[in-house]
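Written out below as structure tokens is the structure these notes cover.
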Amino acid sequence: MPNQAEKINHILEALPYLIKYSGKTIVIKYGGAAMIEEDLKASFAEDIVLLKYLGINPVVVHGGGPEINQLIKSLNLNTQFVRGHRVTDEATMEVVEMVLTGKVNKQIVSLIQEKGGKTVGLSGKDGGLAIAEKYLMEFEDEKGERQSLDLGLVGKITSVNPTLIYTLQAEGFIPIISPVAVSQEGKTLNINADTMAGAIAAALSAEKLILLTDTPGILIDGKLVTGLNKQMIDGHIRSGQISGGMIPKVECCLDAIHGGVKRAHIIDGRVPHSVLIEVLTNQGIGSLIE
Amino acid sequence: MPNQAEKINHILEALPYLIKYSGKTIVIKYGGAAMIEEDLKASFAEDIVLLKYLGINPVVVHGGGPEINQLIKSLNLNTQFVRGHRVTDEATMEVVEMVLTGKVNKQIVSLIQEKGGKTVGLSGKDGGLAIAEKYLMEFEDEKGERQSLDLGLVGKITSVNPTLIYTLQAEGFIPIISPVAVSQEGKTLNINADTMAGAIAAALSAEKLILLTDTPGILIDGKLVTGLNKQMIDGHIRSGQISGGMIPKVECCLDAIHGGVKRAHIIDGRVPHSVLIEVLTNQGIGSLIE
Amino acid sequence: MPNQAEKINHILEALPYLIKYSGKTIVIKYGGAAMIEEDLKASFAEDIVLLKYLGINPVVVHGGGPEINQLIKSLNLNTQFVRGHRVTDEATMEVVEMVLTGKVNKQIVSLIQEKGGKTVGLSGKDGGLAIAEKYLMEFEDEKGERQSLDLGLVGKITSVNPTLIYTLQAEGFIPIISPVAVSQEGKTLNINADTMAGAIAAALSAEKLILLTDTPGILIDGKLVTGLNKQMIDGHIRSGQISGGMIPKVECCLDAIHGGVKRAHIIDGRVPHSVLIEVLTNQGIGSLIE
Amino acid sequence: MPNQAEKINHILEALPYLIKYSGKTIVIKYGGAAMIEEDLKASFAEDIVLLKYLGINPVVVHGGGPEINQLIKSLNLNTQFVRGHRVTDEATMEVVEMVLTGKVNKQIVSLIQEKGGKTVGLSGKDGGLAIAEKYLMEFEDEKGERQSLDLGLVGKITSVNPTLIYTLQAEGFIPIISPVAVSQEGKTLNINADTMAGAIAAALSAEKLILLTDTPGILIDGKLVTGLNKQMIDGHIRSGQISGGMIPKVECCLDAIHGGVKRAHIIDGRVPHSVLIEVLTNQGIGSLIE
Amino acid sequence: MPNQAEKINHILEALPYLIKYSGKTIVIKYGGAAMIEEDLKASFAEDIVLLKYLGINPVVVHGGGPEINQLIKSLNLNTQFVRGHRVTDEATMEVVEMVLTGKVNKQIVSLIQEKGGKTVGLSGKDGGLAIAEKYLMEFEDEKGERQSLDLGLVGKITSVNPTLIYTLQAEGFIPIISPVAVSQEGKTLNINADTMAGAIAAALSAEKLILLTDTPGILIDGKLVTGLNKQMIDGHIRSGQISGGMIPKVECCLDAIHGGVKRAHIIDGRVPHSVLIEVLTNQGIGSLIE
Amino acid sequence: MPNQAEKINHILEALPYLIKYSGKTIVIKYGGAAMIEEDLKASFAEDIVLLKYLGINPVVVHGGGPEINQLIKSLNLNTQFVRGHRVTDEATMEVVEMVLTGKVNKQIVSLIQEKGGKTVGLSGKDGGLAIAEKYLMEFEDEKGERQSLDLGLVGKITSVNPTLIYTLQAEGFIPIISPVAVSQEGKTLNINADTMAGAIAAALSAEKLILLTDTPGILIDGKLVTGLNKQMIDGHIRSGQISGGMIPKVECCLDAIHGGVKRAHIIDGRVPHSVLIEVLTNQGIGSLIE
């Protein structure tokens, strides 16, 4: 019986968050360990289903995991590298799309359905969801001059039409979205999953954008910082304390907030139920950017 | 962090029950210690609010507590007693109604509102909710002949019109109902709160009827029995193991089930959050009649 | 047959008013003789039911009549008086609420239901209808200095949330409201029924506010004045021709009009069907303030 | 003031009828003196508008009055007569339709609009409202053999599609219908206005069919009979006490009742407001067939 | 089979126009040869029905054709002429209305119904559709002074209430409107059908106004001009190249565009299916004014 | 201009079919040459878009084309063959799903979107659309005994939940469905595209099921038979005139009709616009089974 009391207290702690987020949309970028380890996969799926039953509208955008590289390898595709970046040619893009949309997406669709959710897998192509244009990576060459690098069929989102998402949400479906979009000219483009999630969150004026990562959050001097704003982030980038792969993640968060998202979170996908912990508990988890 | 994992597990344990009861109506008879002790009052109110936010529709029917007797005493009303039962005359009925509808009902309305619920207090008179007729208590006299005893303005429900409840539920309001009804002839009648709750549960085809009591549930040989059906109950009444004030409670439960309610529960209102424990945990609490 | 023609002419005289008030809300403060004498009670109830059937939305706010004093007396409550005003302490407030909400309100609910209306009794506590704060009576003391007098649990309305009223009206229910409200701190406060009616009328942007009184209307030099505006009223108050208990009534009317009510009326509740006469006939009745 | 009380009593007498007929449809055949004399026209229009404002749905079907004959005469049309009946040839039918649909119908549309109603004029051709077939008058010749007489473009209704009427009623419009229909083959046919009204009333499952005539109702031995049923009517026809032009009227009423109309009335259109008197007063007017 | 391919190509050519006009309203002035010759009548009716099935909302406003003059002649009405214009007195107006609303309108209603459309015939009187005022023709007399000429019951539209049209369109009905309106004083007024169509198109913010005429369109130097704007038209009128009966037509088009109509067309009603050719083909037909 | 007349006549020929199929669902199995040749792909996409704009609801189920084999070959998968049938093992199923759902499906989604349709790509996994079970091929062995052959991850549909399709159709989206389903145990199963189309058509009570093939239809003695029923088909199968790959197609059609589909068609996907020809012209195309 004391155990039951504790259970109920835990449920009750969630009450103010339920009230706050009821009917709101939360966009979650799903990837990393949480997409590989069985128990983390199960706990993630349970989190999404519970959020939906609690009247919150989750939207999942996923990355590709190691499966893309594996198929590229099996097919002995010759990928060209420019300045350390792989160029996505047509053959590679075809593999990327097949794996993302035809394999990984449907695995997530089934994973969450098994836990009781009604999921629908989409790519940015469906329902005109996401329009993109070719992304030219800009950098300074050795002489300090700005150059732009053509990485092939890599895109950045230029517009999102959320009608299809609203249609599905209104009937209780949870959209699971693979980060592939199409250009005005009909080219299939590979999109970074974090920025895809951010763009969709902005288009939906989401209450939260949550990026699942394989780190505890934003670490400064090796310590987790639980709350940051644009000014602080700019400073940490200049000082080099935010660096490497974390830079695009924090920039994606700042873009989403600039685009109308209330809060962005970088959380540890290696912790079971990290999404629910973030949404429903007092302490939360990871780093909040607002 | 382990604490957080536990929290989330507790929330997740509730998931199948949320799915099962989502959109369903649960009628709760509120009374006893849970209506008197401050912490129990608070935990009860939290339970009701949480159920509503979880998409379940609670309807509360309350009793009168000791406050009726207190006012009768303060007014020096001469109450007549017949065979140990107090006869409800017009003056007494007026006091009963004022206390139930004008005091206790509004205290509960405010109690749950403070926790975030949108409550509306009603009596059976409002919106033509409950029609009753005079109740004649039947008994066998010393010679073994059936007699009926006129207890005055005491009634039993003959019909319930749930339109008003549906109207309020559809807009997110929680109805709090005092057990007073009106007869076809316009007489105000005092109704037993348990049977009022049962009749309303039947009219709403409620998923559950929950009677809060000051016992752990149905005790047979001093031990809690967690599940019973009509046959078992009939046997226990014949054998005298269910007796006294528990008889009308189990009969009210059986009537409700006969009237279309899925499950009836007699639970311990002295346990904090007993309603949530019953609805959302695996073990449940108290005795289930189905 | 000539009799029938006359009947029909009378019905037809009402036509332009029906057209004008169709779908509009009329708030009526019910009190005085109209709440005591049997034939006046019956004619008032018929008026309310007819208005509803004619597509007009009546909202009734009632006072307490002599019943409060009677119960206070029966309970030998020691009421304190300050400068001639009774101070409402907790014990008194409890009696006031029980009588208003538990007795008088339900009597009116039943009275109108017997005539065919679908009524729902509310207090300002239900559905968060009315929030109030303590009212400090201001006056000038002997030295001409402004003082404020604490009358205890007496309140003035600070906000009205009309959602519950709209919900009920949309389903054909007539709200009957007792003048009790709750403060932000959870204190139950007694509200003057006229000002409660005025505040609700303003929140509903009512077409009319009608105060039933035991006078023919506003009398100046002993004669009924059928139409007044703010300027005229201010003059009459300065000149002393509007005085005593009529001052708060005209101020309540002016406040309501300031708050968006189209017309306010002070009419004679001692005339049978005075509400219908006001709403549906050419001559009207009593004094109109606009 | 006593006058006002009487007014209100008259309005109140109508209350039970308002409740009874609220939301119901009443089909009125308009013709005779009520369509010619200015004050009767005005009182008829007021009745229709009032019914609509009272939440009752009037549908008006009109006859042609003397205007058809007048135009036929002005055009010197040679009408053929067979056994005393005028044969409706194409030229005559054209005149009939122009007068009924282009003149009389629009006069009624404007008449009721001036009193505040929102009217829409229709013929049986609009919206596929009424389909008819040629009507062959049957009679026995001198030798007692059944013959059928071709009266030209005279029809009887074979089906009514009330969709258009429902569409208009739902938006608050009052349909005014001229008795012209079209056959499957596209022929325009002249329909008796009484039977058109009866067929439409049946298709709408109207609460009432009211035929305005220039008699007090059904007279037996010169005295008005206020209530009759099929058996009584059959007897009176056999005995010859119902004869001549009254026979088709009572047969039309019986057909309507057989088709699902609750009550049919033959009333005196020469009495001002006879429609309202029938619908809203205790005594009613004319003869009721049910 | 090649034939089928061609068929399908023709259907496909219409696709972009279907997309563009789906759900939009097109107002068509119907008159001239298209209202007289049997095959043109049939092809016009087919066009209207097809537009409706394609999800476009046609509204037809018709003129009177030669039938008015014929009936005036048959009735030997003495029409007065002033400065070459016939004055519409009451007797003439009555004939005009009967022919337009009672004959021509219903012929069109039936014509389109036979092709499968659900039509409802209206005049400007129905549902308060069109309010007009007397139109005084202005001209300069011999001395160069402005004079105004009273042409009797001839009107110009002052306001259009499109509620009835929306109501009918929402249920799939096609409105067929005769150019008769009523003044504030209740006078029936004859309206030029082109300007009636223009005023209704403006009130509906129609996508197109199409005037069917018995010319190929606007001819300048004997050649069809397929596109014009206000400036060009003003120039052509000043230079006299647009003259006579074409002037009011182009002015009506300019007024409609000024009032919110997207495009106005003057097309050749003598070409079968000219309406469909205008709406659904690449080349279009006639003159476009925008 | 004569060209325009012809165009319009072709559009008009389609009118009765538009009326007949308006709002109805047509399920089309897309495959063969129509999915490979550029002009056939374009004409197919135009057909689907036009049907949707015409108010008809197309649902497309596609096969895999030669692309599956190509990827299997590139990956050097060792496919086992049993009695001439390839066994679908897990590795093969993964490839099948990636190609069908991740490549072919999205190509069709984009193809139709470029023509103006709003498409959403789905597999049977999305929204719980299709549940399947393992399909055991039955055959008689050399001794004439019934044997069943396990082909691995090949399934047959056991239930279809069309909720997601209805949701998408209601918002104007066209579902494009790949023939992959999931078993109760969570196994991904490969479904024959014809039978997937048939099962979905039955679940939707579709008006038509259209199978696009690379033959003119059902050929008997080398000649196209335009209409057949179950009895005729059974005869032709027994006589061997329907044989080979045509047998599962006609059986799928018969199953669909048995399941509530009105008509099934086997048509020539090599003819441009064959779908539109079937749906919108008098002659139709291919073989009709009903």
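Worth pointing out:
Order as written gives the chain letters A, B, C, D, E and F; numbering starts at 1 within each chain.
Please note the rule applied: a residue touches a chain if its C-beta (ideal position, glycine included) is under 8 Å from a C-beta of that chain, and two chains touch if they have at least 3 such contacts.
Nothing here was measured: the structure is a model prediction, and the numbers come from that model.
Where touching is counted per the definition, the chains common to chain B and chain F are A. Under the contact definition, chain B and chain D share the contacting chains C.
Annotation: 71 Å between the Cα-based centres of chain B and chain E.
One inter-chain figure worth recording: chain B and chain C are separated by 35 Å, centre to centre, where each centre is the mean of the chain's CA atoms.
The centroid of the Cα atoms in chain C and the matching centroid in chain D are 48 Å apart. Each chain gets one centre point, the mean of its Cα atoms, and the points for chain D and chain F are 58 Å apart.
Not a single residue in chain B touches at least two other chains. If you draw each protein chain as a dot and join the dots that touch, you get one closed loop, with every dot joined to exactly two others.
Beginning with chain B and heading toward chain C, the contact ring passes through the chains as B, C, D, E, F, A. Residue ranges of chain D in contact with chain C, taken from their complex: 1, 4-15, 18-19, 22, 46, 49-50, 53-55, 116, 271-273, 276-277, 280-281, 283, 285.
Remark: chain B residues 74-75, 94, 97-103, 105-106, 109-110, 113-114, 118-123, 125-128, 163-164, 167-168, 171, 173, 180, 182, 186, 188 touch chain C in the complex.
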